[in-house]
Amino acid sequence: MDHASPLERILRGVALTVVVVFFMFPLVWILLMSFQTNETILRSPPSLVFQPTLDNYRALLGGRLVGAGSTLQVSYVQNLMNSVILSVSSVSLALLLGVPAAYAFARFRFRGSEDIAFTLLSFRFAPPLLVLLPLALYFQQIGLANTYIGLIWVYQLIVLPLILWIVRGYFEDISPDVEYAYRLAGHSWFAAFRKIALPLAGPGIAAAGLLAFIFAWNNFVFALVLASADKQPVTVGALAFITASGIQFGQIAAAIVLSNAPTLLLALYAQRHLVEGLSLGAVKG
Amino acid sequence: MSRREQDLVDAWLRGRLDRRGLIKGLGALGVSAAGANALVGMATTRAMAADFDWRAHAGTSLRLLLNQHPYTDAMIANLGAFRELTGMDVTFDVFPEDVYFDRVTAALASGSREYDVFMTGAYMTWTYGPAGWITDLNEWINDPAKTAPAYAWDDVLPGLRASTAWNGVPGGELGSPDAKQWCIPWGYELNNVSYNRGMFDRAGVAVPTNMDEMVEAAAKLNRDIDGAYGVGVRGSRSWATIHPGFLSAYANFGQRDLNVSADGKLSAAMNTPESKAFHAQWVRMIQESGPRDWSNYTWYQVGQDLGAGASAMIFDADILGYFMNGEGNAMAGQLGYAPFAANPAASAPTPNVWIWSLAMSNFSQRKDAAWWFLQWASGAEHGLFGATEMDFVNPVRQSVWADEGFRSRLENSYPGYVNQHDVSAPGAQIYFTAQPLFFDLTTEWAATLQRMVANEVPVDEGLDQLAASVDRQLRDADLG
Amino acid sequence: MAGIDLDNVTKRFKGTAALDGVSLTVPEGETLALFGPSGSGKTVLLRVIAGVVQPDAGRVRLGGRDVTEEPPEDRGVGMAFQNFALFPHMSAFDNIAAPLTARRDAPSVLKAGVERVAKLLKIDHVLGQAPRQLSNGQKQRTALARAMAGQPKVLLLDDPLRNVDAKLRFEMRLELPRLLAREGVTAIYVTQDYREAMALGKRIAVLFEGRIAQIATPDEIYHAPATLAIAKLFGDPAINVLDVTPERDAHGPFARLSDRRAPLDPGLAHAVGRACVLGVRPEAIRFVDAEAPGAVPVTVEAETPLNEKTVTLAVTRRGRELLISRPAGAPGPATGPAHVAVDSVHALLFDRETGARIAPEPPGGAIRGAAA
Amino acid sequence: MAVIADTPPRPRRFRVGARALPYLLSLPALLVCIGILIPFGTAIWYSLQRYRLSQPWARRMNWGQNYVDFLSDPAFWNTLQVSMVYAATAVVVQLVLGLSIALLLQRRTRLNNVISIMLLLPLMTAPVLASLMWTLMTNANFGVLSWAAGQIGFEDMRWASSPRTALFTVLLVDIWVYTPFMVILLLAGLRSLPSQPFEAAALDGAPRLFVFWRITLPMLTPYILTASLFRLLDAIQQFDIIYGMTQGGPGNTLMVFQVEAYLNFFQQTNVGRSAALMMILWAITYALSAVFIKQWLRLRERARGEV
């Protein structure tokens, strides 16, 4: 490949350019849109020349959208907060539950271990609505409807298997002798877990946690079915007010940017962990 | 309160002054608008409290489930008066319309006690009522101990009262003597024409008075007006596509959705020759001069286009045209309104109505208190406040429509609106057959329309398939 | 009181016995070399003693205390792993300090403790470094230091020299006995290298397929291996094995070697007629003149000088290969025909079927070990 | 050596603790997920009933009738077909695209690394937000893509609102979001391949197409299988993008399982049919995921063997 002909190099360059344009253009375009007024957005043909404005963001963060027929009180900031609360707590809980379980599956071959692990993994692939619809009824009855706790629990369905399987792979890569050495030095099992296994699997736990956070943040269907207005995250919130305001396209764009920003920044910041987590999660385990 | 202020307010209470005049008068006395509203509220409270124990449930807290809507805005703006009047507290969840009814279903299907009162349309009560989720309100309306003398249930337009009452028998007539009052009408919509006066003038097109003219006018407007299409109607895959202009016109041709046989069996009625002719005309109109994204169009898009000058007219809810004429729209102040009878042979329009109503959850633990709220929210006082101070159109009470301030305000800013209403109101009612499969059938109807517009299926064939499918579903549900 | 006492320890993995009724006693302060081919169960045995593997049956006693059910951290055992098992995220210092932190020693005590063993093992200059910065030799010493830092009563060394280079291995082989003696610990030293076993162990336990085949001093094992298999494992070059069936004539029992009668120990009358294997150490074969008594004609094929000795490969007329060793510098024949004499009287004789040693006969007539 | 009589077995405290430990560690996670099995059981139960919320009096067990009805229900076959076509097309296109892009990015240069990171961004976008973004871009009045389509001669491009292009449009969004997933997995696979076969082929002067078909592809197959199965499982359950863009329309063009089940439940309040639909989807995904997990475990063993 080092002796690529000039033609080949040009073709590769063109191909890569097309790839980058296809995957980056929508993000850039929406970002630009979010700084425009409806007037410039509605121009045809679309133009890149416009006077940037922060009004859309101001309206969103201030919580008032003026649209056709009604002034929409949006609690977009509340939606963002809900996303943060739901994602952070469900990932924290999943780490708390999933890391010890992952350790158990990695270290011990106990009766039924593979079956339990398979069951947990198969939750990842079950159609969410299968359980969500009956769950919506149950939640109302047991008072979990429209509570953070109920949602965080349901979020475990996506984040827990993910964490379990990625972290398990990392634990399996640590030689058990290293932990035995620590225990033989006189430390308890728990100390060995905390001081040896956890730090050594740290990068894996970080990768799994990041990935789980992104999945939780991006989730739509759980909150669509189970959350009320005051608990719903940005994914549902953004969809909800596109039609309700229906009009202020700049604000919709700004809402998309705001709700996308955390995951995109996270992806840029921790891309190596994420790539590894993705590959491990899907391929290696 | 000074003596002169007191006089003004009393004059208003005795009905000699409209609210606008009252507040103007108070303004002349140096009372600010906000202060004036407070004064009026207090005065009303005193007056209303005089002959009914409004404070019977003081201290109770109610929870409402509300749709994002101007009616909701008006109600929320006036909630302070309710709190003051009754000493009750009210909290609420507001959802955008796209997910609102899913929320209601989720809450009620599970028997949630969270909400006491919620917004609904009449069609939904055909599901909620038989399911046992909502309460028959006759029990309260007819109980003098629980209903204020001034409530005047008869003041509510009779057609609306009838349309929100159903005996629960599939195919049963609405408003029959044995009907249960499943909800209280709150605000309603008539489906007529709202049009862009400037565009009509420029294209030299007259306001259409029947379907043929509409198809023609829309096509001409579509050609002649740059950057706008001819006519906006809804097209999303939903019951909401069927019930506005479409069904109003359909009913005007004397067509029905279902036949009800003597023994109460239901069967599809939409594959008659007349129906096929009408469908063909409707489909052609959309293909020729409808919005390009028609199949995604809900009332938001229909209204948005009219307000932004992207469409020349709409055949949809009159209040949508009303809102698009308000501030913040490119076409504000340039819209006109006209009644519309699709059938050239028809004597009057037959708009299918959409009635935003208030219903009481059967799972409420505070039904009496909830009724106190319903009375207030659907009462004349709040109706007048909403209609004159906020955008609470169309009000459901005859007394509000009789209010001169309200009429003149409409007449001045919304030319033709009052006429449109008055001409079509007598024929306004729900033209659907009340039955529990309403959403199954209308959704499939909308999907069939989409396929016809996309030329995936010829109109005749599509309707025959639809009718067959409807019949099968009715049979499956033991209705056919 | 015994330092380590194993009683009938058995451990199975998926049905196959890794340890099959192993009983073993190591007196306090003694270093026992545990020797065996790979897969014989050495590491499992060590892990059972350490407590990281639970035996299916049998008891483990350390210093007289039954620790079979105690977790590893309560056993007071130091262990050096074959792969070092250093904590990669800790400095060498912290690695070595691990046993001391477990006791919550004061920082000064901890520091003194680490420095003591570090100095002993000559790694005091690399204490601040992370394991990945250390050379293999340094890693090995760090692992050893960590095992010893807590001054355990029992030290388990799992082939600690396997992954280090030859020079270092040689050095450590000299150093370790001194170190172990100085610490006064009871130690088990696992190795696959018989010379290491002989250099380090006061006694050697030979493990075969999960059973102890023999426990004896290095000298005993070399000169009186309990089985043919043990005989083959000890000695470089390996022992010569010749299939024989002892016969008897007027002079007593003898074995037929290339038509010559090689006399056997007169006490071996009972072996006459049995299918046997004669084991002859390469140094027990001499080159002789053709006329010497019992001289066997061979053909010398090749010769390799091996440090202090020279090893010759010769082939008998029947095609049997013999390895013959003689002190370096001693004269030997050129390639081609030659004659050798076998010291058959002192040779080892094993039963061909069981591999058990027949001669020399163990004192009292019973065969030691668990070969039967 | 004398055999010492074994002491009679006594309670073994440590061993019991050690045995219980793994269960103790994994139990909380399991319990949290087990809660989910309760509604799962409910769903099965519902699916065996004639159950419409609007006709509570008609509710009764009808056992397999809901499933039998599917056989003669054109809507069901349409749903099945749309789901399959959607999933298969999405996976095939993404695989081909993903593999091509991965091959383009195979070498570790700074530019390639930057591009790989850029490719992460669509993947990190919530699918429902992605559908919103594309809805804005394909708006008939001002959407930049509608305008662009007009410029190249597709004046009448209606994107998601025409049955002819709706599938194409939602697939475009699916491809935009998920192709990077393929790229990243296949890139990880490509970069982990041993280099010897390639060097040997280069020495032999083997043509590059030959190298690709005979060496790269076979060695990459486990990764391709894993990634494709994973995507297939996700794609057959697609909800977010379709619900966000068209709610299954226009007509029944995009009526996939989960969207139809959602509408059945919430709009038509036909709980029995909705549950039966989801059970069928579950059966499909369960079969696929069993294959997937087996394949994945094999790959994992291999990855471990190479370590």
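Going by the order they are written in, the chains are A, B, C and D; count residues from 1 in each one.
By definition in this document, a contact is a pair of C-beta atoms (placed from the backbone, for glycine too) under 8 Å apart; a residue touches a chain by one contact, two chains touch by 3 or more.
Predicted, not measured: the structure shown is a model, and the values here were computed from it.
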Chain separated most widely from chain C, comparing mean CA positions: B
Of A-D and B-D, whichever chain pair has more C-beta contact pairs: A-D
Length of the line joining the C-alpha centres of chain B and chain C, rounded to whole Å: 96
Whole-Å gap separating chain A and chain D, where each centre is the average of the chain's CA atoms: 16
Chain centre separation in whole Å, for chain D relative to chain B (CA means): 42
Whole-Å separation of chain centres (CA-atom averages), chain A against chain C: 58
Contacts with 2+ other chains: residues of chain D: 139, 141, 265, 271
For chain C, residues that touch 2 or more chains besides their own: 71
Residue list for chain B, restricted to those that touch at least two other chains: 102, 106, 109
Interface residues, chain A side, partner chain C - complex: 175-178, 180-189, 191, 196, 199-200
Residue numbers on chain A that touch chain B, as the complex places them: 42, 66-73, 136-141, 145-146, 224-225, 228-230, 236, 239-241, 243-244, 246-247
Contact footprint of chain A on chain B as seen in their complex: 68-70, 73, 93-99, 102-103, 106-107, 109-112, 114, 298, 300-301, 303-304, 307-308, 320, 323-324, 326, 328-329, 391
Complex interface listing, chain A residues touching chain D: 1, 12, 15-16, 19-20, 22-24, 26-27, 29-30, 33, 41-46, 97-98, 100-101, 103-105, 107-108, 110, 113, 116, 118-123, 125-135, 137-138, 153, 156-157, 160-161, 164, 169, 172-173, 189, 214, 217-221, 224, 234-235, 238-239, 242, 249, 252-253, 256, 259-260, 263-264, 266-268, 271, 274-275, 278-279, 282-285
Touching residues (chain side chain B, partner chain D) in the complex: 101-102, 105-106, 109, 126-127, 130-132, 235-239, 291-296, 305, 310, 436-437, 439-440, 443, 447-448, 450-451, 454, 456, 476-478
